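Take a look at these structures.
Two complexes are shown next, each including chain A; its partner changes from chain B in the first to chain C in the second.
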Partner chain A sequence: MKLTQGQFSFLPDLSDAEITLQVQYALENGWAVAIEHTSDPHPRNVYWNMWGNPMFDLRDAAGVMMELKACRAEHNDEYIKIIAFDSRKGWESVRMSFIVNRPAFEPGFELVRTEGPGRNLGYQLRSFATSRPPVAP
Partner chain B sequence: MNDSAAPQTVDLEALYQGSSVADVLASLDNELVGLVPVKTRIREVAALLLVEKARRAVGLQAEPPSLHMCFTGNPGTGKTTVAQRIATILHQLGYIRRNHVVSVTRDDLVGQYIGHTAPKTKEVLKKAMGGVLFIDEAYYLYRPENERDYGQEAIEILLQVMEDRRDDLVVVLAGYKDRMDTFFRSNPGMASRVAHHIDFPDYSADELLCIANIMLEKMHYALSVDGQGAMRDYIERRMQQPRFSNARSIRNALDRARLRQANRLFAGRATPVAVEALQTITEDDVRASRVFTQVRPA
Partner chain C sequence: MDQAPDVKITDMKERYRSGVLKYRQMGYWEPDYEPKDTDVLAVFRITPQDGVDPVEAAAAVAGESSTATWTVVWTDRLTDSEYYRAKAYRLDPVPGTPGQWFAYIAYDIDLFEEGSIANLTASIIGNVFGFKPLKALRLEDMRIPAHYLKTFQGPATGIVVERERMNCFGRPMLGATMKPKLGLSGRNYGRVVYEALKGGLDFTKDDENINSQPFMHWRDRYLYCMEAVNKAQAETGEVKGTYLNVTAGTMEDMYERADFAKGLGSVIVMIDLVIGYTAIQSMAKWARRNDMILHLHRAGHSTYTRQKNHGISFRVIAKWMRMAGVDHIHAGTVVGKLEGDPNVIAGVYDVCRENHVPQNLQHGIFFDQPWASLKKLMPVASGGIHAGQMHQLLHYLGEDVVLQFGGGTIGHPGGIQAGATANRVALEVIVKARNEGRDIWREGPQILSEAARWCQPLRAALDTWKDVTFEYASTDSVDFVPTPTAS
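Moving on to the complex of A and B:
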């Protein structure tokens, strides 16, 4: 199941050239670009792991691409996303966020039904990726 | 071009006119005094990049040339000034994507504890990507007296990026000649990755006078006729003295002359001052310098 979160997620995966263009657009707007990765794709999981610090004061996307390459080398079987943060007054939030790396196999989600008293049913979404114990590297 | 083998020709002149290289080279000639070897080398690099562009246009593939440079020369010979210009030139020639220079020294690259250096150096490199990274006094990176110095780590990361990301980044090292030579001797990897070693010669007295006039013009001042002679005298004396640092010494001398000029005008404030007097530095302003009174050290 292809994970659809953030921008461009219903499109085919972006090529590196396309990612470079998107990052350059963010940099030209003065946004700080950061790389984050996670193995838990649950939509409510907003705390992805940071790959290094957010990158401030960059002028060219090549620097971000260098970090992305390093991150992919280490976490190729995880989701990696690039986010662009706008620190200007009034925004102070993420302006762009898109996935740039996916694991080879995306197991998707399970809908867990919990029976309550009477005929009550509780529903829970759970990502298969986290239901397995992590494999030692 | 070999016309018999390839029927099409390349109009280098049109390419030259089409780019703004001509303007850049002209402004280099007009605004920078002396520095003949530097200008020659920049001209050669510009020619190389232009020909490279023409070659690409007809489908001749070649690795992009390595343009990492090393500027050596005495203090005040214009190394930093030229580094700023190099970025503009390379940008207009289409070699680098952004017209920006990130100027750093050892402090910006080398960390204070284990594991601090690599992220710091990488951060700087990322900021410089697409443009020029100017490392002033690069020889401080290597401290032979301390074998556990973190400078070596910064050098290794630099080397790797200089090699792998040649089309993303141009590294310019600068420093005094003798110390840079020692630096390269102990880091042969660095020496072989820097293709262009440019030596900045000291200025002659005439060139320094010319520089003084340009500096004053930029600040909307001018030397009086007698002032010119005094300045010339001053330069010749100052050149004999210790700690002479070429154009930088001249700039400092001019700043002090302005101080004295202001003082002189202020002292005579009872009478109205002509606009011309406000922008003229006279002989007395220059001659009051301690260079003229000081006994020359034996």
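Moving on to the complex of A and C:
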């Protein structure tokens, strides 16, 4: 399956030049850019691993691209996303979020149905990525 | 009495002699009145009957929407009637429209019960709209003071928390209303929901008149829809929602349906405007208590918002609904099949989304309106829009909006999934181009056709609907005189 979270998942993967333009847009708006990664992209998994803190004082997209390169080197077989935070009053949350790296194979999710009384079904979404314990390298 | 001048009578004995006085003599016209920060302000468009003096008509509107009756009553003297009287304080001719005036009226905050749209509207749009000396009356705009706003809950969820809950940032959200509006079985209906969500939409939606009819009872619909939502979530990894319409004949039925929807794991429920202000406020409180997004379909509003001379402007309804506490409101598309002058729509969108809306006569906003940190209300654009208009939609409506393509998804020649994918690709490619600094207003069609080279569903959508536009004059536009800018 192809995970389609984020702003641009229906487009062909963004090149580094295209990512740079998006990062620049965030910085021009005064937003802080952050990089996060995970192997478990369950839609309710809000807290991906942070690749350092959001880069609050950064003004040049090149700095983000260097961090992205380093993150990819270490977590190439994970999902990596770029996020932009807006700290302004009345928003104080995420403004942008898009995927910039995917594992070679995207395992996806299992939908587990549990039959209950009155034809009610309970639904559980299970990440195949976490369905067995990690294997020691 | 006829000898008395047409001004407020200050001699108490004369003022309270039994009989009939003009409203301006009773004190409802106060041209020197300076509105207080705590006053509720309203501006009405009045069309007096032939021969009725406009100042007297304005005073009458103030009187009939506050304390007055048609004759002098001595019981006024048992209270501080001066304080409770609404005051018409300004009257301007409507530019370019002989026989109509904008009447400004101030109401003391003590005239209204805290947190009650029903009470506010019983005065402001109560008896006064049937008053015979007026041919027509329209409530154009209101200024709700922050002091009064803070007695209302406001949107149960708000735009920011909705986005956090949906895990969707940086682009308009996408939806579609299920079609045909009536007649599908629950099982077939769920199929349409699944296809649309799987294909790339964030939301699907019940239509306003889908409740619990013989062809599909509500419980059946909810069960099939949640199967569709969960299946689409599993196959995309995204959070999906379907607006389950809980509109019903009684509050008890609505609570039962809403609780069932919540129990099934839905993130959102929906109500219609026709359930009434009090029922809407009750559902907004339910939604806040239960962490649910509350969608409002504005069914019925065009009966009173569309004609310029009589009724209520939609910007006022949008204000009341932000106070009442809904999270979504249909607010116009500009380019689609339903009424929508660009200036009027811009004003309504500001009312929904901004924390401070400054006076903007071009947009129909007559007063500065502080929102005192009430949450933001997500506007929904729906009705006759398609993928080929994506650059125009982003230009006019901005990012915090749900774009709903019902026919534009389900009517796609390649099927519902293809229709959804066409819309999602069009949206993403236009947002990406905007962020890159490209001029989407000018280059939009080119950007879309470039994407259509690698996205066949988008190609088919552009080909199918390329010539579809709805170019009719709006019946509700703004009457104002542009003021020359000081150089």
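In this section, the second predicted complex is superposed on the first by the 129 of 137 C-alpha atoms of A that agree within 3 Å, B and C clash if a C-alpha of one lies under 4 Å from a C-alpha of the other, contacts with A are read in each partner's own complex, and residues count from 1 in each chain.
FYI, a contact is a pair of C-beta atoms (placed from the backbone, for glycine too) under 8 Å apart; a residue touches a chain by one contact, two chains touch by 3 or more.
What you see is a predicted model, and the numbers here were worked out from it, not measured in a lab.
Of the two partner chains placed by superposition, only chain B is touched by A:Met55; chain C is not.
In the superposed model, A:Gln22 lies in contact with chain C only, and not with chain B.
Look at A:Arg119: by the touch rule set out above, it reaches chain C but stays clear of chain B. More residues of chain A are in touch with C than with the other of chain B and chain C.
In the superposition on chain A, A:Ala104 makes contact with neither chain B nor chain C.
On chain A, the patch touched by chain B and the patch touched by chain C do not overlap at any residue.
By the touch criterion stated above, chain C contacts chain A in their complex at residues 160, 163-164, 167, 169-171, 200, 223, 226-227, 230-231, 233-239, 263-265, 355, 373, 376, 421, 424-425, 428-429, 431-432, 435-437, 451, 454. Within the complex, the chain B residues that touch chain A are 97-98, 100, 119, 123, 125-127, 129-131, 165, 168-169. By the touch criterion stated above, chain A contacts chain B in their complex at residues 52-53, 55, 57-64, 66-67. Listed in rising order, the residues of chain A touching chain C in the complex are 1, 3-5, 7-12, 18, 21-22, 25, 41-44, 46, 83-84, 90-98, 108-111, 119-121, 123, 125.
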